[in-house]
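Input: structures, listed below.
What follows is a pair of complexes built around subunit A, which joins subunit B in one and subunit C in the other.
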Partner chain A sequence: MIGAPKEVHVSLSGVLKTYDGQHYVVRDLDLEVYKGEFLTLLGPSGSGKTTTLMMLAGFEHPTDGAILLDGRPVHNIPPEKRNFGVVFQSYALFPHMTVAENVGYSLRVRGTAKDETARRVAGTLEAMRLSDFAQRYPTALSGGQQQRVALARALVFEPDLVLMDEPLGALDKRLREELQLEIRSIAERFGLTVIYVTHDQEEALTMSDRIAVFNNGYIQQIGPAEEIYSRPVNRFVAGFVGDNNGLDATVTSVEGDLAQARLRGGAEVVARTTSHTRAGAPATISIRPELIVPLKEARPGALSGTVSNVVYTGDQLRIYATLPGGDEVVVKRPTSATDVPTEIGAPVHLYWDPTSAWALDGQ
Partner chain B sequence: MSYGDVSRDITPARSRDLRVSGAIRKKAVGGAAKAALPAAPLLLFLLLFLVVPLLTILHSSVSDEQIAATLPETTAALQSWDGTGVPAAAVYGTLAGELRAADEAGTLRRLGRRVQYELEGGLGILLNASRALPEEALPGDAQAIRELMVGADPAWGKPGVWRILQRYDTPYSSFYLRWALGLPTVLDADGAVSDGPGYDFPTIYLRTVLISLAVTVLTVLIGYPVAYVIATSAGRTGAILLFLILLPFWTSLLVRVMSLIVVLQTNGVVNQLLTGMGLLGDPLSFLYTRPATIFAMTQIQLSFTVLPMLSVMRTIPADQLRGARSLGAGPIRAHATIFLPQAVPGIAAGSLLTFVMCLGFYITPELVGSPSDQMVGSFIAQFTSEDLNWGLAAALSVVLCAGAAILTLPLARRVRRHA
Partner chain C sequence: MRHYHDLPLWVRLPLYAFVALALAMMVLPLAAALPISLNVDPWFVYPFREFSLRWFEALLSPRWTGAIVNSVLIAVATTLLATGLGTLAAIGLANPRFPFRNLVMVLGLAPLIVPVVVLALGLYIFFGQLSLNYTFIGVVIAHTLLASPFVVITVTATLTRFDFTLMRAAASLGAGRVFAFRTVMLPVIAPGVGAGAILAFAASFDEVVMMLFISGPQQQTVPKLMYLGMRENINPTIIAAAVVTIAFTSVLMAATYRLNRGK
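On to the complex of A and B.
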């Protein structure tokens, strides 16, 4: 979709949702989904992402606001008339129907002719590499196969929008990674507009064109994966998406788009400013672990600390360093890197490019 | 840091061999037997209090030794009789001797009652013969005894009574079962088939099945929506409804039926309400009718139908209905094609339970039904405790049991297939 003109397909405007009239589950939600894009709603449980998806699917009704599909309001249309494909975390396959009957259900209820139904079911099963399982019952399939059936069932009727609620949540890591790529490639092949809910930031980064990070019912940040990862707008996003070091600091001066800040231990660091940065205000200095270079020798601009722990994870070494103020910083280096201090208790000097650190909102 | 300098390949050569050796297999089988051990008290209990009584009842329904035990020589002598006219005079002599012995042993009336089950006036016929015999020693001449007996009761000059006695030289017969099935069993003095003994068991069985079916259908119709709401609603609504469903278990069945009588009787709550509202001129008699019986039984059985349905419905994830809706099915269609088919085992289990329990009802129909609403259970109770005709009571039970098994087996298989 990159380069293509962005055509708004679905939009939520001013959507509010409260169940008890006291607490908002979703508040002031404005979101535009472009045609053919893969948008992930990412957030911890209770952040409002699933409720948003359920409102899109029509199982929940917004307390206020509007949901538009191609400019037409759909929030008062029952789910069966929306023509949206939904994939559930539990798959929600019908256990009393075979795989083929499950996949053909949407066509049967639409009154599609028998041979046409059979043809389209066969075609979709073929595309999903499920042809061999057509006559099996869902309980006879593995988790990954069930997941593909659920996807086939949600795609066979050519939905205007595909909604997925943590569809890979019940699978083991290896299978999950395999299916992430498969779903992504199917979405591209069929030109689908997908709204995908997950709490797994790695999954979101792997699959999405854009990610909307949810917390407390608000969208904290929305943008392409690399932007969310490398330019987080606040402490929550920085901490939730990817591993991150967040150091409490006070901004001492601001110069252009760089700010000088003092850490608890008194050391001075430089980081890029954000909308939160003001001289004299508290800030969180955010820096990704893989962007820090641990040195044995001191150099200007490097923070000095001591190695407190070293963890071997196969492809990486994680070096934990304690700064004089008590802050702990984690550094990731490839296992192949040499000249890295790995003796516990040894002095270590942490250096990073000032433009890769951000001065985010403080505590 | 250094890694793996002490690791080595410790995979044994046989590690891919997954076959289980004989000794291990024996251990596994022994373990399974041990695991079943906690079920032993139940099995023992069932053996003593279910299997043994059932076998006893089965035995009682075919055990019929009264005649053979009291008149062994007569029945033996009758085996050579061709069944036409009357037997030889010598048989009258044998019978007279055995009747005398029975009179002295005090078993004559019991014998008479047994004969009366299948011979019109059988008790009288036997008593008349016994009374006609002289007080002292019996005449040595069998011809004289024959004349005395025929003189006392003309039935002795006809084949009917003799044919019946002829049948029972063995202690077992199908008589009670034939009686319970409504087959012709009663003869008159001439040996011709006569009208039945006043009970139309096929009609009673049919009525039992029809009432049970009606109650089953009603409990499913009323119970299904309730079970659906309980199974699908989270939190308080479901809990309160479930509590209401379980509430009747807290009171005795008798109390509940009695309270229904209070509600339904001629000047009861329902009639007073209807007449008071001007909807009825004169109170109706709801009580002692077929609808009252069905209504009372439905009320009693509702929980038994709902609970199995509920337990199955609870296993149907809510996401499945949502899934069906998202695929284009309206709420009713989604329910009919997704929820209902999966609830069928529960409906079958609940129906089965209620239907089988209904077949055995007798107190409720007796309390709120008319005489023409009495179910087979009432008759079993009557023959057991009032008429002391245990053979017939047992035979009625066996027929009921077998009938219930035949009627419910297809449903039971369905429940098992889904379970």
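On to the complex of A and C.
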């Protein structure tokens, strides 16, 4: 993806969706999806991400706005004429058809010749490592196998776009991680343009070229995974994507792209400014737990507090510290790190590079 | 989980007895009536003087064979019509956005509740205007009215377990609505449609009240002959006809049971 020329494949412009004329599920949505891109729509339930996907698939009709595929409007085309592959959370495999019949269904609809159908179904099943299951019925398969069949069924007719609605939501963690990588590699191998819906931020970070973070029917931020994680534009994104510390503060002064802010306990911190930062205005100071260095000795620029809890999670230590104002800060350190205060009640000094903290919108 | 077999014997025995009694109440009347078809004498009495198949032979007379053919023709036409209409109605009513859904559902099922005599009288008056009385079509329409609710009920029950995402999946794969209905929804809900069709067939095959009002003398059916036979010259032929009817319906039921189990 990186370095390739970006050709807009799908675009939504000014898309609105309301069922009752008062509450908007999706509002003023503008979104461009590039050819060959893996785009994830990430957000909590009710944020509008699934409705957006359903409008793309054609199962919902936008109240206003346009959806374009290669510049041609498609929002008035019924789903069966769109040529988009859709993978559902519930798999939606036809229970009365074998795996091969399920996968071949789209070709049967299109009147493809029998031997051509057989060849393409066999090829797709092989690519999905499902050849041994061709004559089985879906109920005789595990959840992971069923989801691979659903994916094979959505790919065999060479769709212009692949839409996935929380396809791994019903699977256990280990299988989910395995399939994340598999879906990602298939998307690359087939050169697919994928729009993927999930509420799992880890999944979004693992799989996507770009992530669009949804909340309240708006896209809060859209960009590459790394950018969403390390440069969140507001409190919602910072809190929803990855673990995060959000400290309530008041901006005291702004100098260049750095702001000085006072925490509730009176301590002063420095953070990078965002579009929300105004001197005298409330702000949320956002800092990732793994970017904080917990020290035993005080140093200039470090916040002082006391250790309130220490949790061992195998690969890392989570140290919870309470600041004088009552704020709780979580710090992540590798288990191998030494020189970390781990006694509950011990003083701890929290230091971070001012350029890794952000002054986001306040409460 | 506790199983029925874990219960102590003093609890189980009365339960067995209760079930046996309930089953007996259903079967005993048949056990009392059906053997009479084998009695040589034209009376409804036990014990028999001699066994005979003469009443079954009487069924082979043109009067009865004609009635059997008529019954089957009417029941088949009714089944086709009621199954089609009832299935479509159930699918429409399964949509939560169907306007006045509960009201329409109640109206659709009303023939099950309203006394058949009332319906028959209404149809008789109505059909008089349309010249449908004493016609095959009129009888089939009347029976369809009675039979459709059975299909609506069985198909609705099946649809509550139907995953409508399957229809979306079919659409995304390029299938238009009719194709998706034929290849995805219908095969999945077939057990419900089949059960409804059997009930519809039985409802028509057994029906006598509508027949008395709507049908003409040229439309004799088995139940109608049985009813008329009761009033005129009562003899065990009607019991023989009942035996044949029950055997036929049992075969149908067993066949569908096997079909559904084989899936």
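In this text, the second predicted complex is superposed on the first by the 363 of 363 C-alpha atoms of A that agree within 3 Å, B and C clash if a C-alpha of one lies under 4 Å from a C-alpha of the other, contacts with A are read in each partner's own complex, and residues count from 1 in each chain.
Basically, a contact is a pair of C-beta atoms (placed from the backbone, for glycine too) under 8 Å apart; a residue touches a chain by one contact, two chains touch by 3 or more.
Keep in mind that this is a model prediction, so the values were computed, not measured.
Superposition note: with subunit A as the common reference, subunit B and subunit C are in steric clash. When both complexes are overlaid on chain A, the residue A:His96 reaches subunit B and subunit C alike. In the superposed pair of complexes, A:Thr342 makes contact with subunit B only, with no contact to subunit C.
Residue contacts after overlaying the shared chain place A:Gly256 against neither subunit B nor subunit C.
In the superposed model, A:Tyr312 lies in contact with subunit B only, and not with subunit C.
When the shared chain is aligned, subunit B and subunit C each come close enough to touch A:Phe88. After overlaying the two complexes on the shared chain, residue contacts for A:Gly71 are found with neither subunit B nor subunit C. Within the superposed three-chain model, A:Pro79 lies in touch with subunit B and with subunit C [touch as defined at top].
Among the candidate segments 7-15, 61-69, 97-105 or 151-159, the part of subunit B whose C-alpha atoms clash with subunit C in the superposed model is 61-69. Comparing the two complexes, residues 57-59, 78-86, 88, 90, 92-96, 105-106, 109-110, 153-154, 157, 163 of subunit A contact subunit B in one case and subunit C in the other. Listed in rising order, the residues of subunit C touching subunit A in the complex are 163, 165-166, 168-176, 179-180, 183-184, 187-188, 263.
Within the complex formed with subunit B, the residues of subunit A that make contact are 57-59, 78-86, 88-90, 92-96, 105-106, 109-110, 153-154, 157, 163, 310, 312, 342.
Looking at the complex, you find that subunit B touches subunit A at residues 1, 3, 317, 319-320, 322-331, 333-334, 337-338, 341-342.
Contacts from subunit A toward subunit C in the complex involve residues 57-59, 78-86, 88, 90, 92-96, 105-106, 108-110, 153-154, 157, 163.
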